[in-house]
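Next come two complexes, and both contain subunit A; in the first it sits with subunit B, in the second with subunit C.
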Partner chain A sequence: MNQTAQNLDSAPLVDETYYAAVTEAIRAEAARLLTDGRVAAVIGYVAGRRAGSALPAVITTPERAGELIFSPACRNNLSVYLTKPKQDAVPKGKLAIVVKGCDLRALAGLLGESQIRRENLHIIGIACAGVFAANVDQSLPLSEATIAKKCRECTVHLPKEVDFMAGTLPMLPQLAPVEAEELARLEALTPAERWAFWKEQFSRCIRCLACRQVCPFCFCTQCLCDRNRPQTVENSVRPAGNLSWHIVRAMHLAGRCAGCAECERACPMDIPLNLLNRKMAEELKERFDYEAGLSPQEKGPLTSYQEDDDESFIK
Partner chain B sequence: MLHSYRRDDTIMPRTITAQNLQALIDALIAANIRVVGPKRVDSLCLYAPLAKGEELDLSELPRRSAKETFLPPAEEILSFERQGASTSVRSPDLSRLPATVLIGARPCDAAAPGILDAVFSWDYQDDFFLERRRKTTIVGIACTKADDACFCTAVGLSPDSRQGSDLFLTPLEGDSYAAEALTDKGAALLERHPELFVQGETGRPLPLAEPRAAKVDLAKIKTWLDGHFESPFWGEIASHCVGCGTCAFLCPTCHCFDIVDEGSEAAGCRRKFWDACGFSKFTLHASSHNPRNTQADRFRNRVMHKFKYYHDKFGRTLCTGCGRCIRACPVGIDLVAVLEDINTQG
Partner chain C sequence: MHTEKHHHAFEPKIVAFVCTWCTYAGADLAGTSRMQYPPNVRVVKFPCTGRIDPVFILRAFQKGADGVLVSGCHPGDCHYMAGNFHARRRFTAFRALLDFVGVDLNRIQFSWVSAAEGGKWVEVVTELTERVRAMGPMREFRELDMEEHWSAHVNTPELQAVYNAIP
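And now, the complex of A and B:
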């Protein structure tokens, strides 16, 4: 959390030439694909107005391929734009998409849930050194002080089975995990203390639903939590409804969440949502020996039934 | 107008030390006055009721605006209870709303409630908002720090704008503040504890913040908006909007709310709560038709409401340039970039 982010080294983790090389590779590939008419659009990142910022962009002409970039500010998991609720953002037809390793996990999940088809995608993978945490000054270099928590524990710097790999991975230092430690700290608490922690966190929630809207797996066209006749989850911003919403969200993503941690990054109230996601993933691993992984899996343990399923919880 | 402005020569500038500012907060709390001000909550700074003066943290712009002092994220507007065959309905007793001092509001936050008075006292008098306005004294503070999302100067305000403040603090060298009463409410707050202030300004003012956003021509932008409800521009800048409510909820001037009945048939209440035009269900009709069917349509509404509709109706701009929407947008939509684009096209 924030306390641990202080007093960390602000020396750059990678050389600027690395970003230039990745950017150049993306631009060349995008220009080739668009010139040849191989794809209707390239979903990637462009620079924003603010110093060091980047934002998602859908590029449809080779002339604009030169606007594409890769930098530590390229945090968004762009696979959200392949889901049904975001279909207005992209043209119809085959699409190229720029993905980091963590984003590719979400693509694998969406393939497994029949939301997208592999043959309709051209995947441009990034040899990724890591991206910024939320709320850091993006004009600074990527450093131990500015890197996202998820990147400190990254195991997928090089996305696999992509159609094109942009850049080569520089030497990266080993960084001590922060999120794993925070999760261990929470698990060591008593249930009452843990309850107090989450109650406090959720009390800040303003129900902007950024966590839902940036999530590749929140693709329901009608979210249960938006309904008011009948009302399942209180719509108004209050402790009861906030708690229900976050429990529903965590449960619905169990075994599906690919750990991109976009929900936590997008949260304007700094609620550490990825701790919940990680905990759910650990439970799935422990009880069902299942991991939302790198290859498309037909059905997760919570959407399938097997004769030998553990039923000991039924009392 | 809710206040009579008074700036006569009898109110001389006074100075209060940072320590006495905390003492003032403690004295107000002791007198059962609710004091809301910037306070550290975990990793962020929020406007929240203070339990003691030392909680006041003026080091950064709070993540959420101060609008919730007047328009809470959710509030009960009636309650109902069934007893046998009859149902009783009760309105909340607004006289119980506490006298409040909002302290340490940045100029972009202090100006917002006054802009919202127009809509909340237009065809319908919104007692929930207006009663809080009547009972609240706003102590604004000049800004000495800005980032590249700040753009108050682009929309007609400034880091030392007094607009909306009853009492205004200017940070001085030597950890103290010049205090200037701008309204009767502000003067009353000064007079309440004169012992905490000294006459005159005792130090040089700290350099003001310098928002880096370029100045835009709001009249020109309004003219462009008048003629471009239909324009490919909206799709170009906002197709990638993911449809959350972050921009609206952090905004000091976004004020749309929804109303919902919660509870059971036996007993429950009707609540109003913040809504956002970025949500796909914001204008969704019961027929399933949606007049704002895409995120681009929804973002257009956000810009139109702030820089055209509110101007058409009330002659004001519904934006104070705090930059929160820019800092927090998960997909990097930048209102300054949008305004600069329109300014260039217009």
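And now, the complex of A and C:
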């Protein structure tokens, strides 16, 4: 890569005033909500201890509303805190939640699956310019070199139907897709080559299950993969069980996953998990004309049917 | 009636997941009508195709199946009204996923066989068995099942010695 290209790569995509404005708007809204007692807590981000980092936080008093921030390090999908397994982390009652466009799609899925009620939520949407990829130096500005793959192809910079919108969207350059190209490359391979690719990827899996813990849709109280009577998925860390786990995971998310790509970010072994999710989303869109997360829908593509569905593969 | 016996170098293991109301009865009919079909198929009975979880197919392959057959009632004939409609969608998605992961879809067959279709059962089982026989054993999953996971490579003589000492 030559010097000019590198300079272009690391040039900031948006200026600091944008983040300051969004942060200010979130703080003001949170303080207003908590002072009026309209919500029991605000789920948002606060600054982490390392420079530029951010942490999810549950803010319950107006005094602490000033701690809330928005920065490119605010990557977590906070809607996971609204699910049943995380219910002890948040107070009971009406909650305000800070969401980016991609998080809102997960939230729409949870609303559709009756995990949460809209009237118990106050949604603070963010006009989001994008967030960092995993494993980048967070003290750097958001640039083409540090932006997450999902943000390069973002279609939901502005979350829709929120109660409050924080900030205004700055002008953003069009970035070349990376993930779509990788998906197209895999699709063009022969099945044997794809098998080799995934075998290598899954063999790295250490089964920490971070992908499950971070997923808003993995809210089962007992995961199928933890059961051992009967055991369906081998739970020791061996290639056979790893493959089953990732296939079962992709299958259980098919038609539900809205592509927040948190699984891929949380993965310590850098397995491209969102490729599986994205492939399934594309297949279901093509076959059943269904897209997850656009609006709360009661029935997903795999929980409903048409009598004239395609059955060309069935004898 | 005695058909000529063939000896093949490879006898595939086929696991058939069938619904109790249609295909199981269809297979039963094939038996009581004394129709001949390959003995390679192992039938596992379920209440409905809607009960057949894709993970069963994965497990069958991992435990040594060379081919899998999933069969149930024709659309509209489900004993539970819509189980097979749901199964149809689920397996459409599952096939796409398996294809993306790189599994050869020729090893998996889906079919509708009613309680009256003993002949169709024979035809489906024979065709799948012969197709899988021509493809040879399902090596991918079995190799995966044999493989141990190592977080590090055995790349030093000391590690190799420890590795060899594992009983």
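In this text, the second predicted complex is superposed on the first by the 307 of 315 C-alpha atoms of A that agree within 3 Å, B and C clash if a C-alpha of one lies under 4 Å from a C-alpha of the other, contacts with A are read in each partner's own complex, and residues count from 1 in each chain.
Everything below uses one rule, namely that a contact is a pair of C-beta atoms (placed from the backbone, for glycine too) under 8 Å apart; a residue touches a chain by one contact, two chains touch by 3 or more.
Note that this is a predicted model, so its numbers are computed, not measured.
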Clash or fit, subunit B versus subunit C on superposed subunit A: clash
Touched partner set for A:209, first subunit B, second subunit C, both or neither: first
First, second, both or neither for A:226, with subunit B first and subunit C second: first
Touched partner set for A:307, first subunit B, second subunit C, both or neither: second
Contacts of A:58 with subunit B and subunit C, given as first, second, both or neither: first
Partner chain(s) touched by A:265 [first = subunit B, second = subunit C, both, neither]: first
Which of subunit B and subunit C A:238 touches, first, second, both or neither: both
Which superposed partner A:161 touches (first subunit B, second subunit C, both, neither): neither
Clash with subunit C (superposed arrangement) - responsible stretch of subunit B out of 4-12, 76-84, 94-102 or 292-300: 94-102
Subunit B and subunit C contact sites that coincide on subunit A, given as residue numbers: 206, 234, 237-238
Subunit C-touching residues of subunit A, taken from the complex the two chains share: 186-187, 191-199, 203, 206, 224, 232-234, 237-240, 242-244, 247-248, 250-251, 254-255, 276, 279-280, 283-284, 287-288, 301-307, 309-311, 313-315
Subunit C residues touching subunit A - in the complex, by the definition given at the top: 53-56, 58-59, 62, 75-76, 82, 85-86, 88-105, 109-112, 124, 140-141, 144-145, 147-149, 151
Partner subunit A, residues of subunit B touching it in the complex: 41-44, 46, 63-64, 73-74, 148-149, 239-240, 242-246, 248-250, 258, 260, 262, 271, 273-274, 276, 279-281, 294-296, 326-328, 330-334, 336-337, 340
Subunit A residues within the subunit B interface of the complex: 1-2, 48-51, 53-58, 76, 80-81, 85-86, 88-89, 135, 200-201, 204, 206-210, 212-214, 226, 228, 231, 234-238, 262, 265-266, 268-270
